[in-house]
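Order of writing sets the chain letters: A, B, C and D. Residues in each chain are counted from 1.
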Amino acid sequence: MLKQMEGSRAVAEAVALCRPEVICAYPISPQTHIVEALGEMVKEGSLAPCEFINVESEFAAMSVAIGASAAGARSYTATASQGLLFMAEAVFNASGLGLPIVMTVANRAIGAPINIWNDHSDALSQRDSGWLQLFAETNQEALDLHIQAFRLAEELSLPIMVCMDGFILTHAYERVDMPTQAQVDAYLPRYEPRQVLDPSDPVSIGAMVGPEAFMEVRYLAHAKQMEALQLIPAYAAEFKAVFGRDSGGLTHTYRTEDAETIIVAMGSVLGTIKDTIDEMRQPENGGHKIGVLGITCFRPFPIAAVAAALKHAKRFVVLEKSMAVGLGGILAVNVRMAVTGMGLKGYTVVAGLGGRAITKKSLHALFRQGEQDGLEPVTFLDLDWNVVNKQLEREKAHRRTGPVAEALLRDVGVVGARNY
Amino acid sequence: MDKPFAITLDPGSSLANRTGSWRTFRPEYVDRLPPCNAACPAGENIQGWLFRAESGDYEKAWRALVENNPLPAIMGRVCYHPCEGGCNRQQVDSAVGINSVERFLGDEANKRGWKFDTPAAATGRRVLVVGSGPAGLSAAYQLTRMGHKAVIHEAGPLAGGMMRFGIPKYRLPREVLDAEIKRLLDFGVEIHLQTKVSNVLDAMMDGFDAVFLGVGAHIAKRAYIPAGDANKILDAVAVLRGMEGESAPMLGRKVVVYGGGNTAIDVARTAKRLGAEEAIIVYRRTRDKMPAHDFEVEEALQEGISIKWLSTIKEAGESDIMVEKMALDDKGFPQPTGEFERIEADSVVLALGQDADLSLLENVPGLVVDKGLIQVDAAMMTGHPGVFAGGDMAGNDRTVTVAVGHGKKAARAIDAWLRGEKYAPPPKPEIATVERMNPWYYSDAPKTVRPVLDIIRRQSTFEEVLGGLDETNALFEARRCMSCGNCFECDNCYGVCPDNAVIKRGPGKRFQFNFDYCKGCGICAAECPCGAIRMVPEEN
Amino acid sequence: MSFQPVKFYQTGTFTVGNRLLPPEERSVQASTKRFNSINSGHRACQGCGEALGARYAIDAAMEATDGQIIAANATGCLEVFSTPYPETSWQIPWIHSLFGNAAAVATGIAAALKVKGKKDVRVVAQGGDGGTTDIGFGCLSGMFERNDDVLYICYDNGGYMNTGVQRSSATPAAARTSTTPAVGSDPGNVFGQGKFLPAIALAHDIPYVATATVADLRDLEAKVTRAMEIRGARYIHILVPCPLGWGTAAHDTIRMARLAKETGIFPVFEAEHGEIKSVLAIRHPLPVEEYLKPQKRYAHLFGKNPAVETIARIQALADKNIRKYRLQARKEGH
Amino acid sequence: MFQVRIHGRGGQGVVTAAEMLSVAAFDEGRHAQAFPSFGSERTGAPVVAFCRISDREIRLREPIMEPDAIIIQDPTLLHQVDVFAGLKKDGYILINTSKTFDQLGLGDFIRDWRQERLCTVPAMELALKHVGRPVPNVPLLGGFAAVAGIIQLESVIKAIEERFSGKVAAGNVAAAREAYAIVKAEMEEARRKETEHA
């Protein structure tokens, strides 16, 4: 059923359709609307049986989910940014214990400086946590990915993060096709845990594993993720059969058939990129041979699919909302791994950090520059060099320059006068 | 369940890890000697019979008791219970009332008519026992248990010796004495009354393989006191023996007893009961030097008996005596002061101790007598082979309990001797001192007070002064026993082992260690309330 | 008293059991059928108080629930010595997640059980003092204030023993640890720091809070049993001496716990809904030296020049406990 | 694609207005995307929300920098924020005020704009009158239905009824209707004037 609703609400309703049994919530923007909606459903009784627990921290949220999942309950939580980092120890633990928790990450930057706006630093900081990470392009996809995530997680006994851009998606009102309970029930079987805490069949979960077996345990986690590379497209196909929509999967290509230049990106920025590409491909605009590869599944990283998508291009430009400080990109490093030995030119563009708007206008310029191989290996989109250079000079001149963020804000001007 | 590798494990699989290999010390269950047992002259296994009494199985308790002493009802009245003096419970609150439980068991046996267990098969050996006092009865009983024929020759008209002729009724009712003697007779002990043995070797010729002498010490010691004709000077033995005759001795209104032993007290209290207005004990030293037991002194004082401390009788007149005040020198010996006092007295009873009549031993070769005591070796045998002796005639520690112990010991020695062996007592285990125990576990439970006859009746009748315990109290008292040195199955070792390495074997079967897992931490030994576990180094 | 004293004069309720007691009055640990929730073969040190305390507590919980217990365990000695791959000592469903999240994991389990309608299955969380009073404190407090249906048991041995005896917020004043060494002008742990978590638990007004030691088994079992009769957040803080960390003989583990209680160093009490209902009175009052002297972690207080003032300060702390919790010795009834 | 930017202050229902506008468009079978300016501004602080309306799927995720229409919920913002940034001269402006553009000091600024696309409505008064609370967002939506003609008044009313219920819904519907009528009248007047000028 088509509905006009907020992304968070859409995800909440989709999660509810998955019949979660334990939900734990700790407020952090921009995921709050999701758990608020779920909390209301539990409180009013429309989502039952389900325990909604207001925990005291994200660390507790993940820990409660661990306990609930280990006791055989379908468990869900949501977080973002600092919250994800605060729960990081438990995030690794959940995957180490093989517990199929599904968590929404409403992607947001990580401080300091504190920043509530969108980028992918949070989720990507957990790229080696052993979780599967799926990135939604639209609210529809976010909704659909959650349904697929529960099934995948439970089949694999691994936890999954469904990542959606904070504010840009979570707070956006747009059209979604909300499936019916019957559809979801048909797609998502009951949770049959691989291990469960049960007095009638006691086990000890979470043993201390020494050098004699630790490598094997870690390898098995890797093997599971490799297995996921097969399962994810299969489940996406089944999803299409039930719901009639192409959602999920490992990657999505757009107008790459004859593209010489392929942009690689994740999340909601793909929409703006597609609009830009459509415009560039117009004959009156020069008919650029450009396309885009969207990465839906970041973990496991679909090396083969990425290689296949890029193999006929001349170059690729990874546009990512994340940054490996001291190196460049994170997604870019992963993509380069996939195209090792293929002789492609590759560029890393760090964009949209901390909610910096990624505009069509900037993209047009960027892509054209890319097509002409005029990009630096690592480019920072719309960086205010003026401000940066000023600060660098200041630091050269004086020892006590004070906090960087505050100094920059002074240079940029009053926050309230910000352009939208 | 297809469990995740290594992270998830099957329950209890650690049993594969034998932590016993960590051990450098190993615990061992032991039975240590409880101090009460060690202190008992009769060699009773007090802890052993209390252990049975604790569960309310009084018959079993009694049977355990009479293995070492056939006279519990008597003992429960007249024993001065050195066991209680040794009792470790004194360091927790107060000693266990062992004596009162013993009396309860003895009385219970009499009430229920319990008989001794059937003796061992007859050996055909015969032993002559001279004297039916506690030593003789004890020896005869033990010999009978072993299958020997014990025949007692008693010079007097009734059996019991000093128990009958020396201990007043108010301390030992005669029906109690009679009942326990009767049980012995029923058991097969033969007693010939009014059969005086004047020559022991002759008597032995009458088909006896050995002899045990337990003739006691019935001859009163005298002291020279210048006396007028009219004054009545009697001896304590005669007075107390007289109590068993047809008519009670005539002592008059004012009676003075001379001496400081238990006998002196007995006589004074008897005199009071016979109607004396005044009974005065004259003793040359102070109360703390007095040989009589303090509780008896106390009871006597309660009954209105007065004691003149630090006094000696210098002369006895017609109706009074002259007393000289004494003073203790720096060595604690009384010295005359030259200060005199007269005290009214219708009679003076001398209670200055007794000697044994050793006339029957004349001409026995090898026999040694020293200071009126017949000398015996560690096995109670005199210098003459086959002649054993015990009781008052063989020692200065003249109590019923000591006599019973002598009799038992002699019987065991006679048994060995009859087999041509030398009796060797089993080695004594180390004593369960309170340091080897963990007395914290015993809850505060003060000793039960026995009922005491009211003071009026104590001054006029020969009813028993000290009452017995009823069953509840006896059980309470028995359960106060800390079972020193002997496992009483409190489950502590089983409970406190951090490695579950103690196996509980079930009621009466105690525990055993599971050395597969015992790491040797020693908590079991440290927390054993009664000190029945010790740690020993593991051998390499 | 938290339990009906057994009318038995020999050892009262102090020993584990007694052949003369009717079976229903015997302790769980006295039974040959006890669960041994933590089985032999675990790798705890000789004389480990925590191994003992855990078996006491979990066995009692198992008994009270007819074996329907799931446990969540914080990282720490108990976890490490009980579940080194490939062996576990636990005979109950058990999970270890992290150092600081046992209470939250337990909350999750309880929520799962509730949603699945498994009312009979109960949840116990357990951890050492580090995992409880320090790193796990946030999760614990959250569990308390939400009144989640979890019994949290803290096995307090006064430090991070697993990592080599470092100070925790439960380390007592003046005690030497690897991070509060016995050097300098103020050797050992600092006075005036640390926290007594049972009091903080009380402040949460949860249905049940109790303290216990491994020296009073009956009391400990009665408290666990009582706790299992109650729904909601419950907390039991058990003093478990550590021979390694305290520098005591392996066989003195229970004795040390007993001395802690008898000197007033460790108050043993029981509270419901924030109100103290009973205390375990001192039986035989003792000066704190009796408790301190056998422990090497206090060795710097004794020797040639005893730290009289420091000992007096510790005595003052014990005296304060005695006043505050009314621990004065009183006559034992029969 | 038609892009609307709504300016107001925290607490005035700016984001709600954008969302309801998207719902109204959706109800007409169109695609719509509403989103806030993603700030964490509190009550009273300047707030912006956006709404795109299109007949095709909307993929663009950038903020609206060149709006087709602007709704100003609080006229005091006129002198604090560059509310007109990026607005084309043929764009629509709807201001919550009982004053005229001249009275607001905007006379010179709008001189060469299409006057019938520049409207004011006393939405605050209407809100107080019909709803009893100073929330101008819904009446403004009613006014916007008139000014831009992008969405129908009935769609706005439907969106109101989806969002609110009972008295609040009825009051808002009444306010929206009155605002619609006021704006319609203004536009007639403006057109008439322009015709006169012409």
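By our rule, contacts are C-beta pairs under 8 Å (C-beta built on N, C-alpha and C of every residue); 3 or more make two chains touch, one makes a residue touch a chain.
Remember, it's a predicted structure, so these values are computed and weren't measured experimentally.
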Chain labels contacting chain A and also chain C: B
Middle chain, criterion being Cα centroid separation: C
Of A-D and B-C, pair with higher C-beta contact tally: B-C
Chain whose Cα centroid lies at the greatest distance from that of chain D: B
Rounded Å distance, chain B centre to chain C centre (Cα mean): 49
Whole-Å gap between the CA centroids of chain A and chain D: 34
Separation of mean Cα positions, chain D and chain C [Å, integer]: 66
Intercentroid distance (Cα basis), chain B paired with chain A, Å: 92
Contacts with 2+ other chains: residues of chain B: 6-7, 9-11
Where chain C touches two or more other chains at once, by residue number: 82-83, 85-86, 88, 90-92
Shared-contact residues (touching 2 or more other chains) in chain A: 97, 201-207, 209, 213
Category of the chain touch graph - line, ring, star, complete, other: other
Pairs of chains satisfying the touch condition: A-B, A-C, A-D, B-C
Chain B - residues contacting chain C, complex: 6-7, 9-19, 22, 54-55, 440-445, 476, 479-483, 488-492, 494-501, 504, 506-508, 514, 516-517, 519-523, 525-527, 529, 535
Touch list for chain A against partner chain C, complex: 21-22, 24, 49-51, 53-57, 59-61, 63-73, 75, 89-90, 93, 97, 197-199, 201-210, 212-213
Residues on chain C engaged by chain B in the complex (per definition of touch): 8-20, 26-27, 29-30, 32, 36, 39-44, 46-49, 51-52, 55, 82-83, 85-92, 217, 243, 249-255, 258, 283-284, 331-332, 334
Residues of chain A that touch chain D when the two form their complex: 2, 4, 6, 29-30, 116-118, 138, 165-168, 171-175, 268-272, 274-275, 355, 357-360, 416-417, 419-420
Of all residues in chain B, those that touch chain A in their complex: 1-11
